[in-house]
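Okay, so chain A shows up in both of these, paired with chain B first and chain C after.
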Partner chain A sequence: MDSISYYLQTVLNGILAGCIYALFAMGLTLIYGVLNFVNFAHGELIMWGAYFLFLFMAEPFGLPLYVAVFPALALTGCLGLAMDYSVFRPIRRANRLTLLIAAMGLSVFLRNAAQFFWGAEVRTYGFEVMAGTQFFGLYLTTQQFAIIGVTILCVIAVYLLFFRSRLGKSMRALSDNLDLARISGIDTKRAIRAAWVISAVLAAIGGILLALDTNLHPEMGIANLIKAFAATLIGGVGNLWGALLGGLLIGLAENIGVLFISPGYKDGIAFVIMVLILLARPYVIIGERSD
Partner chain B sequence: MKKLAVLVAVVAIFAFLSVPTARAAEPIKIGAAFALSGSIAVYGEGFKKCIDLAVEEINAKGGIKGRKIEIVYEDNKSNPKDCVTAVRKLITVDKVPVIFGPAGSSNFMATAPVAQENKVVLMSAQGAAVGLTKAGDYIFRVFPSDTLQGPHLAKLAISKGYKKVPVMYINNDWGLGLKNAFVDAYKKMGGTVTDLIAYDEKKTDYRTELLRASKGAPPAIVNLTYINEGAVQFKQAFEMGIKTQWLCGSAARAPKMVELAGKAAEGVMGTYPSVPQNTKQYQAFKDTYKKKYGDDKIPIFGDYNYDMVYVAARAIERGGTTADGIRKALPAAAKGFKGVTGDKTFDDERSPKFAEYGIWIVKDGKIEDYRK
Partner chain C sequence: MDLLLHLLIVIAIYAIFALSLNVEVGYTGLFNFGHVAFFAIGAYTSALLTLAGVPFVWSLPAALFMAGLCGFLLSIPALKLQGDYFGIATLGFGEILRMIVNNEVWLTKGPMGLPGIPRPELFSIVFDTLPRYLILSSGFALLTFAILGFVVLSPFGRALKAVRDDETAAEILGKNAYRFKIKSFAIGSVFAGLAGVLWAHYTTFIGPGDFTLTETILVLLIVVMGGKGTFLGPVVGAVVLIVFQESVRFLRLPPEWTRLLGPLQQMIFGLLLVVLMVFRPEGIIREKGGRR
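== the complex of A and B ==
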């Protein structure tokens, strides 16, 4: 591989990783914006989304990928609603730290539940590994192509939903000020439910893409949550485009950075970015919203 | 008043439950801190099967001096912190005199000081890292140290004509130790290491590391990796069109790795402490395993765990059930003892003195011994 395609491939890898982080971050920032807390159980929506697909593709359903995706996404949406209904709604007014800890507890529960059903072992969807197609000296597999394509579709869908629909307007109003939105007659309950479903579906799509690209295991959500969180912070709370950009940025930073420093520090890059941002804006986790 | 009554009742129940029932022959408890969940649960589950098999056999023959062996399993969740927790619990709550330690040299080495401090024997059946038993004289292993494996891997590389290789390795005690052993021996044999790429375990994306390793299209890449990491790496390398001869250590040599990687694992080679499997003893072991579990694919390091139980049992027979007694009796118990994995005599550092190394290769989806 000559020099140019070497660097280009790295950038491509960065974009691919970034797309997945972006999907995770968009779901996370949505809940953060609308309900004003960090959903630490978001990783489990990611993970359960991937496992639901596994469930529908395996016996006794045995559905092909393109069909099984729909019930998987639907179930994950339901899971998101269930999470809100059972854990977060009763403590809607509590302080941020309480919500954060409740989310952590939920995360542990869901991870163990997944392990209970599917075991702790790493699993795959069982697709044959295939060599990527080459163009301009870069390698891209069909699955990676799908990652980029699906992310673009999701971004377009999110845009249409948020900026071209009434439901989107309600959600944006909610994220500005929950009480004011309620007083002005916006159906806040409906908007909140919609936010959870969208967040869960984005997480599930990201999880499925991640599992297609790599593999499935109960810790796959939480392992990536920190990157989603860093991307959310970069983009600013509740800012969907920021989350998209943040995700891409982290993906690129990780992959390009590894060319120059030891790959052993790869995970550290997202952490360092996150620490720097938190140092600059510490009230993000505990106090008032930023911008 | 009612609350007090409830409290008294609860305390009474606990007190009742914790009084040991006096029985004629109380079982001998041995602790086992294994990965039963988490990323290396595939190891822990396999060990448990082989250990249960050995315990069953020993108990069927009457146990040790009439007392049956009972293994107390604790889940170490595949990370060093929970390994320490599991070992501490076994030491302080279950008060076992000997513990079978966790897989993963970093995990094991995190728990070794704890066992040594508390004067409890800790044994490993799969820790290959150089210096595993450094923590003290209560730490033993029945698996050979990588100081012995490095030179064999170097010899493999040189003998196949690979004079220049990049080396990828897992960034932990095991990977580092084997990397150092390999690099030292390789350089002495005239080889050149073109790049050293450390990477984290438990990750899902190694594409950048693979890209860096494949720079210049080297004919061979040394990759000191585990099962899951290796599978992901070989798959991603295949997708990226990287064509090279992979040379690995012993940790990736598992049917599970081949299962996860599919055809991307074809042709992967490595060294491993070889155990001749065509002996009557090994075949008998395989047969009993098959009878109990239905298939004859011995899980990775399972045979060493099986031997570990026997070595421990012999030590208990000679030295009694105190930790100190077991510790003193282990060298004599193991000396000359031929388990299914060979002669288990300890050397001065409480590691096996004897080890042979073979070469494995993935051919047609199966792990085989490589014949030149």
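== the complex of A and C ==
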């Protein structure tokens, strides 16, 4: 492979990783917009989404991938709702520290529950590793085609939902001002439920794509939470399109970055970008006051 | 008897660790999810120095200085973030630090860890037996308790609480909230470093596996369960949770159970955090005049 296509391949890999980060970041920023807090357990939705698919593809179900995806996404949506009902709704009006620590506790609980059931070992869905299809000197596997295709579909779906439907309008109203939305007669409970389901499903889709391309393990969620967060910071917190762009940028930066530094630090690049943004534009993301 | 001494030593170390986090979480309202990083910096600094032949009398202050300096440097960009984001920034820092420890093999031996850390020697007394080490660690625990108690009772401590409860009001009264938060974070980091030093010289072996998010969660749970923003809360929390954790470790269980025991224990810790937040966010000991 000559050097130009090597660099192009790096860029392509960056875009692939970026698509997945974008899906994570959009879910994270959506919950932030509507409920005004960072869901620390978002990473666990990513991980459980991937493991739910594993569950339905393994015995006793043994469903093929294209069928198993649907119950897996549905279950992750339910998990998102369950998180809200059992933990976040009772403390919706509590102070921020309470919310944040509860989210952290939930994250610990869900991560270790996955480890309890499936063990700490790295797993795969059991597809054989295929040589990628070559075109224009670049290699792409079927999974990677899927990543790009599914991400584009999700972005279109999110666009239609948010900017072309009443439900989306009510969610946007909520993220502007919760109380104002409520007294305007918007069914805020319904909008919040919808936000949780969408956020969880986006997380699950991202998690499944990531696991298809690489593998599954219980720490996969928390490892990606920081990247999703860095992506939301780049785009401006609460901004869906910003999250999309931020995700792509983080993916590109990571993959181009390892050309220059040790791959052992690949996962640290997102953090460094985050710190650089903060130093350069310190007031962008300070956002609302805590109470 | 040895088990009891071991328990008391670990409780003393975690009490210091928890007291340091309490300054940040309890008194200043900072969401530090990477506190273990400063514990690790303290542990590694002192371990590396003493392994290189530097006496403990010098490695201890060096370690505290390093932990405090790193806390100070991190807090400059990170504290520009509002609450939740500060939490993620510190979480990220904790992970970065573990990455550095894993990758900079020339310095830290990476995943192999550092074995054979010498027992501390102060004023020509070597703290090499369990009872002696208990005296050392509980001495430092009392000292920490006294110093941090003095700090939070001082006007400085009241200013921290003011910043926590209403940043705008504190600013209007002429308190620079940002600077107070930086100071609070640096103080917390120094004492987390102290706990790390005591830990490294107690176990005599440290590796990157000792400084994971799990440790941060444990110490956070200790503070939250005991009662954040109170004097005795972190100590009470440390006693309850360390006794629980260490006694589980000493149960003689079949090996196929122990594989499940780790995640199960973490599940309990996570659930405890959630249940506490929903039903009793103030913890066992309630802060006087504190609000939910």
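The rule is simple: the second predicted complex is superposed on the first by the 277 of 291 C-alpha atoms of A that agree within 3 Å, B and C clash if a C-alpha of one lies under 4 Å from a C-alpha of the other, contacts with A are read in each partner's own complex, and residues count from 1 in each chain.
Going forward, a contact is a pair of C-beta atoms (placed from the backbone, for glycine too) under 8 Å apart; a residue touches a chain by one contact, two chains touch by 3 or more.
It should be emphasised that the depicted structure is a prediction, and the values quoted were computed from it without experimental measurement.
**Student:** Taking chain A as the common reference, can chain B and chain C both be placed on it without clashing, or not? Answer clash or fit.
**Tutor:** Clash: chain B and chain C overlap once superposed on chain A.
**Student:** Looking at chain A, does chain B or chain C touch a larger number of its residues?
**Tutor:** Chain A has more residues touched by C than by the other partner.
**Student:** In the superposed arrangement, which partner chain does A:M220 touch: chain B (first), chain C (second), both, or neither?
**Tutor:** The first partner, chain B, only.
**Student:** Who does A:Q134 touch here: chain B (first), chain C (second), both, or neither?
**Tutor:** Only chain B is touched by A:Q134; chain C is not.
**Student:** Return first, second, both or neither, reflecting whether A:Q9 touches chain B, chain C, both chains, or no partner chain.
**Tutor:** first
**Student:** In the overlaid three-chain picture, which partner chain does A:G264 touch, first (chain B) or second (chain C), both, or neither?
**Tutor:** both
**Student:** Touch test for A:A82: chain B only (first), chain C only (second), both, or neither?
**Tutor:** neither
**Student:** If you stack the two complexes on chain A, which partner ends up touching A:Q115: first (chain B), second (chain C), both, or neither?
**Tutor:** A:Q115 contacts both chain B and chain C.
**Student:** Go through the superposed model and pick first if A:L210 touches only chain B, second if only chain C, both, or neither.
**Tutor:** first
**Student:** Taking the superposition as given, does A:A157 touch the first partner, chain B, the second, chain C, both, or neither?
**Tutor:** neither
**Student:** Among the options 44-52, 80-88, 278-286 or 332-340, identify the stretch of chain B whose C-alpha atoms clash with chain C after superposing on A.
**Tutor:** Among 44-52, 80-88, 278-286 or 332-340, the clash with chain C belongs to 80-88.
**Student:** Taking the contacts chain A makes with chain B in one complex and with chain C in the other, which residues are shared?
**Tutor:** In the superposed arrangement, which is not itself an observed complex, chain A uses residues 115, 119-120, 223, 262, 264, 267 for both chain B and chain C.
**Student:** Sort out for me which residues of chain B touch chain A in the complex.
**Tutor:** Chain B reaches chain A through residues 36-39, 41-42, 45, 78, 171, 197-200, 202-209, 211-212, 214-217, 228, 231-232, 235, 238-241, 256, 260-264.
**Student:** Mind pulling up the chain C residues that touch chain A in the complex?
**Tutor:** 25, 29, 31, 33, 77-78, 80-85, 87-89, 91-93, 95-96, 99, 102-103, 167-168, 213, 217, 220-221, 224, 228, 259-260, 262-264, 266-267, 269-274, 276-278, 281, 291-292
**Student:** Okay, in this complex, where on chain A does chain C touch?
**Tutor:** Spelled out, the residues of chain A in touch with chain C are 37-38, 40, 87, 90-91, 94-102, 104-113, 115-116, 119-120, 222-223, 225-226, 229-230, 233, 237, 262, 264-265, 267-268, 270-271, 274-275, 278-279, 282-283, 285-290.
**Student:** Write out the stretch or stretches of chain A touching chain B in their complex.
**Tutor:** 1, 6, 9-10, 13, 17, 115, 119-122, 124, 128-132, 134, 139, 141, 144, 210, 213-215, 217-220, 223-224, 254-255, 258-259, 262-264, 266-267
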